């Protein structure tokens, strides 16, 4: 009999970083799979997810927020919401967690050679985008420019803040055509960057669709308007990518609940090009 | 040899009377059987009988609910409301074949340390006679 | 019942009142089946009918999906909901008015004095091949049934739904229009419950074990119940999780204890839980046992009076106390 | 494959001969016919008319332990069926046997599911030619047939005093061997009689719907206001999905009771609002309208996209058992006529 796909493996939490202090708390966990064979087999690609869990509590599907170029650990940014994520937030560095995966499809990086990459993220939606951002930064020679457009409700809700600030201010990256455009929804003292929702920031920045790929992830309503604005800026359906999320239990296309049209988000997603997404009857 | 039956008894004690009463039992060195596991609630009136069912489901052989004497509730009428609910729930338990004696109620004030120890003794004896609750074993 | 009278009264309601939707009974395409129908215009009222086959309660549609029907009809601008209600339904409505704060004047009640309804499982069991039932009427303890090209007479007792046999409230207790003359009420009967109470504890436990082991936990009993309307049901919560999702005897027993207890002093006696159960659990026995005790001890009958306080929100210093140390 | 004859009065002997198997058969409980493990062949009730539940649960149980957590919270697989007796499910209707055909690709493909597959592989299905279909049966409209051997290992046809026994698969052959002592050879007349009955069977199905083109209609009219009308009666219970022989959706939950901790898989229903509810509170299918539409979409569009056949065997249970008479066939007709 083949391997049991429901059997999770143990992984150790190396470090934990609290990303946000706003209404919704997000922590980023760096984990290392204990079993060496499984660790070597766990070869993810940007865009993929994995099932994190605690035995006796349950499992949750979480995007992998680090790039495969990082061989040291895997990053997961977890927002404290339900039973499982709340329990994960209780854990400390050195504790054990369970993992199985990686699941789902990934960004078609082979097709994006030498293209300009634009990521448009909102809130926790930056997590899956972080895997591609890190990948592009690590393999800069394979891509053109990189524009990171990211916003959250308040500064307290911005994920990966220091990373973004560093990249933003780095002359090294500026010379290599890497630009960061942060925004918050409501004005705050000391904030000198854009104030307003992410789709508006996108319209203001007017990235060129030429030789570009735009990837967006965030709340459903943000995705909707980002896509609308991208189309208005002249992006073609094939140039727009998004990652979806739905409630998931099995992660392997059997338990049924995450379908969008005839696709299971866990297995056939989470990455959808707008060309594919727009033909689906219901959009998550 | 058959292992001696040592019942699990779950107690929900109201903060203002019975929990203080149980405390007094301890400080006054009155003895009572160690089978009782107490949970403090603010008032017996906040007890949902589902908590009783859950206690049975998770291994209790008997449940005790104890609060202030009638008319002495810190919240005026919480214990009266509890009495109604528990009365009805006992009847329901009996109707599905669970001995209602497994769900006991008592009024113990903060000064009745002796009474609390007697209540626990008596209930423990009762549950011992009834034997383990097997209804929720599966 | 006279269909013409029902249809005319329904149309009159549409003319007189600002009605967004009328919930009534319509004949279904197959066999003896009756469906809830939602009438939105005066002309559609011709589809309405009532017969002893109308065993389902329509009251739960008032609260489904946070009372989507009560939000009114945006197209016609109507605001009120009209509903065809039997005695038990009127009790459920009274409970809803009290518990949910649904304004009485927002619901137009077409009251039907009810002589008891037919258990679909029984009549389908007797005539499994019936395709198109044209008529069921009742006279002097007999049902006169016509379907396809056949006509039959069946003693009422044989087909009557079990919970209807014990009904103490055949007449609507609250209504705006009364569709027929009131019928005689027998008063509540609990002989079957008393029989069960005589059984030994273990015997009764065996009886219920056998039943609960069958439960599929499909939640139909809860969803069909006009008084199970919580948006966030305690039976489904995961944190804290009172009832696990596992389907086994223990969890099923937990489920049914919680379900029936939550209806204590609230059950309107419509029998929906029992009617919809795909595995024939006698759930009304539990509800009626509590109804009987509550009536005898606390002199309280759910849904009998618009001004009553809920059973568990009230007390009497003289409530039973002898079970307490 | 081979044909045999089994005298009806020797059926019990035949069942008794299957000593090397665990036999599941319809038994009468609380006025219902349900599939259960039987120890005495006399318990078997071959009343094929009233089976509110399909035998799906023998292979895909309503709750099933996936993992057991030990004291150190390490996950272990529970003991599977390996090394246990193979199972026979006796008295399966042809539509329910086809139901397993619908479940197979779900659990076989991409990530093979050992829990389902172990039981599936060690279970043998003995079916009965369905001579008296339900009023709501419509198997012939979705590619089935009341006398179809598809998915079965052995098919029995009622000839009055005898059963005509057809061995369909090699698994079935093994069973026929074990019961060989009570089997005889059919005469050519009996063979003709059996064929005649098979030929007549489809005519007894009274409900029909031409499903041709339904998939594209569902897709085309996905945003039609009619769906709201169709779902108006639905009360969001799980009856249609829990009694369906092809529904496979499940929930995974960790449960701790009395010091035991397990990860379980439990049937779930797409009719429940919680089924798709995100932890954030967002629900992509918030009302009955989206849920009912999704169920029909899954059965008559998604399943065709994924596996090439509608995910429905036409057993009619969802129609018969629906407490509010939501009628799948009638609804399909409405969609078809859009």
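Labels A, B, C and D are assigned to the chains in the order they are written; within every chain, residues are numbered from 1.
The working rule: a residue touches a chain if its C-beta (ideal position, glycine included) is under 8 Å from a C-beta of that chain, and two chains touch if they have at least 3 such contacts.
Computed from a predicted model, the values in this text were never measured in an experiment.
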Most central chain, judged by mean Cα position vs. mean of all protein Cα atoms, is D
Name the chain whose C-alpha centroid is farthest from the C-alpha centroid of chain D. B
Pair exhibiting more inter-chain C-beta contacts, B-D or B-C: B-C
Centroid spacing, where centroids are CA-atom means, of chain B and chain D in whole angstrom: 47
How many Å are there between the centre of chain B and the centre of chain C, using C-alpha atoms for each centre? 36
When centres are defined as mean Cα positions, the distance from chain A to chain B in whole Å is 51
Per the C-alpha means, the centres of chain A and chain D lie apart by a whole-Å value of 40
Mind pulling the residue numbers of chain C that touch at least two other chains? 238, 248, 250
Using the touch definition from the top, which residues of chain A touch two or more other chains? 82
Spell out, as numbers or ranges, the residues of chain B touching 2 or more other chains. 57
Name, in rising order, each residue of chain A that touches chain D in their complex. 1-2, 4-8, 10, 55-59, 81-82, 85, 98, 220, 245-247, 249-250, 252-262, 267, 281-282, 284
Taking the complex as given, what residues does chain B use to touch chain D? 57-59
Listed in rising order, chain C residues that touch chain B in their complex are 196-197, 201-209, 234, 242, 248-251, 253-254, 256-258, 260-261, 264-265, 286, 289-290, 293-294, 297-298, 311-313, 315, 317, 319-321, 323-325
Residue positions on chain B within touch of chain C in the complex are 49-50, 53-54, 57, 70-71, 77, 80-81, 83-85, 87-100, 104-108, 115, 119, 122-123, 135-138
The residues of chain D that touch chain C in their complex are 29-32, 34, 49, 52-53, 62-63, 135-136, 206, 232-233, 235-239, 242-243, 251, 253, 255, 257, 264, 266-267, 269, 272, 274, 287-288, 319, 321, 323-325, 327, 330
